[in-house]
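Got some structures for you, see below.
Common to both upcoming complexes is subunit A, partnered first by subunit B, then by subunit C.
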Partner chain A sequence: MTNAILELKEFTVRDAIFAIGTNATDCHPLIGVYMLEAHARGTKLIVADPRRTELAKHADIWLRHRPGTDVALLNGMMHVILTESLMDRDFIAARTENFDALRETVLAYPPERASAITHVPADKIAAAARMFARAENAATYYTMGITQHVTGVDNVLSVSNLALLTGNLGKPKAGVNPLRGQNNVQGACDMGALPNVFPAYQPVTDDKIREKFEKAWGVPLSGKPGLTIPDVLHGLEHGSVKALFIFGENPMRSDPDINHVKHCMENVDFSPLKEARFIVVQDLFLTETAEIADVVLPGASFAEKDGTFSNTERRVQRVRQAVAPVGKPDWLILTELMRAMGTKADYAGPEAVFDEMRTLAPSYAGISYARLEQGGIPWPCPNESHPGTPILHVGKCNRGPGLFCAVDFKPPAENPDESYPLILTTGRVAAHYHTGTMTRRCWGLDAAHPEESLEIHPEDAARLGIAHDDPIRVTTRRGTLTTKANVTTRVPVGTTFISFHFSETPGNILTNSAADPISKTPEYKVCAVRVERARA
Partner chain B sequence: MESVVTTCPYCGCGCSFTLNVEGGEIVSAVPQVDNVVNLGRLCLKGRFGFDFVHHKDRLRTPLVRRNGTLEEATWDEAYGVIAERFADIRKKHGPDAIAAFSSARCTNEENYLLQKLMRAVVGTNNIDHCARL
Partner chain C sequence: MNMSTFVVANPRKCIACKSCEIACAVAHLKTTVATAGAVDAPFQPRLCLVQTPLAAMPVQCRQCEDAPCAAICPARAITRRDGAVVVDTDRCFGCKSCMLACPFGAMDMAAAGGEAPDAAAPAKARTVAHKCDLCAGRPGGPACVEACPALAFVVVRPDELQKTVADRRRAAAMPPA
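Let's turn to the complex of A and B:
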């Protein structure tokens, strides 16, 4: 997030919230509640979502676009803003670059054309554009509804174009605010759990940076960017990757196209030339992924260890041990393993690890466990007297002037056809989390949402002879599962929805692993599907 | 009863709450009021999402696959198998034949250690996590 969560408490009747592709009340309930409270105080709420989410129900304007058409929708809004001269000319002149290219592209998307692509009425697109542009401050929030597409990067660029066009960057109650789906995605990125960067986004290809880390860690380091998750799975399949350490993840349920993931990871060798793959899993439970591992290490839960998480607004906060670990805290396991592999790794505890990290990560340099006793601190925090940075890009964008990146609409990788006539989109529900390994084992949460079903529109259901609660078979080119029909107008005609929390009905057996060429994020949000009544 | 202030393990909002502990078990979670995130609020996951910590299915000892089945092993045995196989693969195929998926659910410290293990000990940048997923 460029801005802070608590800002939502300060939104007034003159401000606007634009929630696109984010089911915040289910997935980020705290932020969802703050949005609804702001709306109750008179803040304008614009929601773009194919599904009738809680936010959509409350919205002043709800744009029900077809899954995968975000670029066309946003270009259509920007067309209205340009042709009605609602843009922020001063901001564009002083703080941006490449405006002419944007104008040229966007002018090809009059609301009528955007409407033909998105199925949102043209006057609604225009009304949303006006509401957004006329607000004193307008903040955009998005999640996986924007990123989990083959055009995920294009979608993010379009969101950012809209913010730049209206001068909604680098000030309070504005900005481009991706909401992070998991508690510490932000932190895992910050810590360099990425194939191309060391902690704090320092490129592995930069010789000076690498020298710094070589000196600190006392070993020569590779300057060759590593493999992303899809690349690793591909490498396992083709034999270039021989060993995989999986720390607290369940790719056999969370990754797209599970049948393919399984094929890549299973220790079955059909070719006599290939040796068996070696897989290590560290997790709380014997997950579907741990079951196929060669070594399983019992991990510790958040309540059994000390450390820090960094939330979606970049705020670093303490995690504190409340109960004794069932096994060992994970930081200890990792240091013991490093020693078993012949390296010196003597840390007195998580604080010592944090202190080493902050000498190498400039944006964390000023944060210490002692300071965190007073409450969380948002990075960048370059030194110990720095208060932290709740709003990014104040005065100028971090990369200098804000760059407009004109993008054209491209359709999703897989579209409905005769054999697979409906769209399937995926997501989460409030009571559960990710692959359900934790929440499915909490009786209060499992009771609140004990089983999966497929949301399908009454018109589609009637055509297929399916009644509410009927057993149904759901099939894509990659897999099939049986579940129950949830006949509801929450989804539009032609679109169905399933979550990925349930092992019995793993939604990701269906999803498409086609991914954005740059971010490598797979297209969980759109694939083509066939639904039939299952014989009982 | 002991009380410990900590941070929610579920979504990226980062609500903080007090875990109340009795006889070594968590009995309740109560939202923090005096912070700058959740101001006394928690959603159902934060409030009721801690049973899994004491669930009977929790893994307690390392497991190592022997003759096709996962069997209980000591920590040292498990570390030994990993160190040996990693060293072997590294020798035969180079460090880039080894990869790790880190965790968006684990702490900063643990993520830092795993990327250091891969980069400084194994010698590869093959480390990623599910930010994309």
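Let's turn to the complex of A and C:
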């Protein structure tokens, strides 16, 4: 997030919240509550979501766009802002570059054309654009509804374009605000758990940066970016990847097209290298992925961890061990592995690891365990007297001028046809977290939401002879599962929805692994599906 | 006037997270939530989260003054106790008349003693009327109210209800500004 979560407490009648591709009331319930509270105080609430989420029900304007048409929707809104002169001319002149290219692209998306692509009425697109642009401050929040598309990067750039166009960057109650899906996924990225960067997003391809890390760690380092997850699977399938260390991740349920994932992981059929394949899984429980591993190591739960979490607003916070780990602390397992592989790794504890990291990661340099005793600190925090940075891009953007990146609409990778006539989109429910490794094992959470169902619109259900709660078969080009029909107007005509929480009916057996060419994030949010009544 | 207290939720605030259902089931367990799974305790909340196309809110007993469930009960198992309409599960024989009578759909049936840890073979347990008891005896008051992250619940006490009504009457009597 460029901005801070608690700004939502400060929104007034003059401000606007734009939630696009985020089911915040289910997936980020507290942030969802803050949004509804702001709305109750008179803050304008615009929601763009194909599904009638709880947040959408309360919106002043709900844009029910067709899954995968975010760029067209946002370009349509920007068209209205440009043609009605609602943009922030001063901000554009002083703080941005490449505006002419944006204008040229966006002018090709009058609301009528955007409407034809998105299926949102043109006057609603225009009304949303006016509401957003006329607000004193307007903040955009998004999650996987924006990123999990073959156009995920384009979608994010469009959100950024809208913020730049209206001067909603570098000030409170504004910004481009991805809500991260895990308590510490921001921290994992910050620490360089990405293929192309060292901690604090320092590129592995930069010789000076690499030298700095080689000197600190006492080992030679590769200047070649590593593999993305789809490339890892491809490598497994073709023998160029021989070992995996999977740490707190359950790709046998969380990756798209599980049948293919399983094929790659097991590499059963045509495998001269089968013996060479080696998979280690470290997790809390024997997950579906751990079941096919050669070695399983015990992970530590949040209550057993000592260290820090960096949350969605970049706030670094201490987590303190409440109970001793059943096995060993994660950091100890990792350092023992490092030593076994001949690397020096003698740390007194998590604080020593953190202190080494902050000498190498400039945005964490000023954050110490002692300071964190007084409360969390949002990075960048370059030195110990720096208070931290709750809002990014104040005065000027990190790169200098804010760059408009004009993007055109591109359709999803797989669209409905005669054989697979409906759209399937996926997401989460409030009671469950990710692949259910933890929540399906919690008595209350699992009982509150014990089984999967497919949301399908009454018109589609009627045409297929399906009644509420009927057993149904759901099939894509990649896999099939049997579940119950949840006949509801929560989804629009032609679109169905399933989660990925239930191992016995794994939604990701259906999803498409087609991915964004840059981020390699798969298109979990759109694929083509066939639904039929199953024999009871 | 002797009116009962009741709990009601505000659909303008509810996010449909079901925390109330879980908190309710936990509050009535005779064991802890940590062991409920191990002893396979049945999940028996006394309120029900309802999602409609327009909104969501949990629905539970209004503790009616002239409670239809009590009036219709042939076993006289449903009575008013300390301001709440409660079921005497020993007297109840599971005829379900109360389910038919309740205009809110707030009455349910559940395994008698299902909330106890040694509820061996709940399938064999008697099925009896099951409803909100306002968490009588719970120090923190109704568990649903306490658990709701959206602060969507209101405990409507007779004095507050009368004060609200009095305020509205005053407002209604005021000439428009």
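Here, the second predicted complex is superposed on the first by the 528 of 536 C-alpha atoms of A that agree within 3 Å, B and C clash if a C-alpha of one lies under 4 Å from a C-alpha of the other, contacts with A are read in each partner's own complex, and residues count from 1 in each chain.
Convention: a residue touches a chain if its C-beta (ideal position, glycine included) is under 8 Å from a C-beta of that chain, and two chains touch if they have at least 3 such contacts.
As the structure is a prediction and not an experimental result, all values here were calculated from the model.
Visitor: After the alignment on subunit A, I want to confirm one thing: do subunit B and subunit C clash, or do they fit together?
Guide: Fit - subunit B and subunit C, as placed by superposing on subunit A, sit side by side.
Visitor: Would you sort A:40 into first (subunit B), second (subunit C), both or neither based on which partner it touches?
Guide: Only subunit C; A:40 stays clear of subunit B.
Visitor: Quick one: angle from subunit B through subunit A to subunit C, Cα centres, nearest 10°?
Guide: Result: 80 degrees, to the nearest ten.
Visitor: With the two structures laid over each other on chain A, which partner does A:182 touch: subunit B (first), subunit C (second), both, or neither?
Guide: First partner only, subunit B.
Visitor: For A:103 in the superposed arrangement: first (subunit B), second (subunit C), both or neither?
Guide: A:103 contacts neither subunit B nor subunit C.
Visitor: Of the two partner chains, subunit B (first) and subunit C (second), which one does A:533 touch, if any: first, second, both, or neither?
Guide: In the superposition, A:533 contacts neither subunit B nor subunit C.
Visitor: Check the residue A:58 against both partner chains and state whether it touches subunit B (first), subunit C (second), both, or neither.
Guide: Second partner only.
Visitor: Tell me which partner A:490 touches in the superposition: subunit B (first), subunit C (second), both or neither.
Guide: second
Visitor: Would you mind checking which one, subunit B or subunit C, touches more residues on subunit A?
Guide: B
Visitor: According to the stated criteria, A:30 is in contact with first (subunit B), second (subunit C), both, or neither; which is it?
Guide: In the superposition, A:30 touches subunit B and subunit C alike.
Visitor: After the two structures are laid over each other on chain A, how near do the C-alpha atoms of subunit B and subunit C get, in Å?
Guide: Comparing every C-alpha of subunit B with every C-alpha of subunit C, the smallest gap is 5 Å.
Visitor: Enumerate the residues of subunit A that count as touching subunit B in its complex and touching subunit C in the other.
Guide: 29-30, 33, 430-431, 441-445, 448
Visitor: Which positions of subunit A touch subunit C when the two form their complex?
Guide: Residues 25-26, 29-30, 32-33, 36-37, 40, 52, 54-55, 57-58, 430-431, 441-445, 447-449, 488-490.
Visitor: Which stretch or stretches of subunit C touch subunit A in the complex?
Guide: The touching residues are 12-18, 21-22, 25-26, 33, 36-37, 41, 43, 51, 53-56, 149-151.
Visitor: Mind listing the subunit B positions that touch subunit A in their complex?
Guide: 2, 4-16, 19, 21, 24-26, 35-39, 41-45, 48-53, 55, 57-65, 70, 73, 75-76, 78-83, 85-87, 89, 93, 95-133
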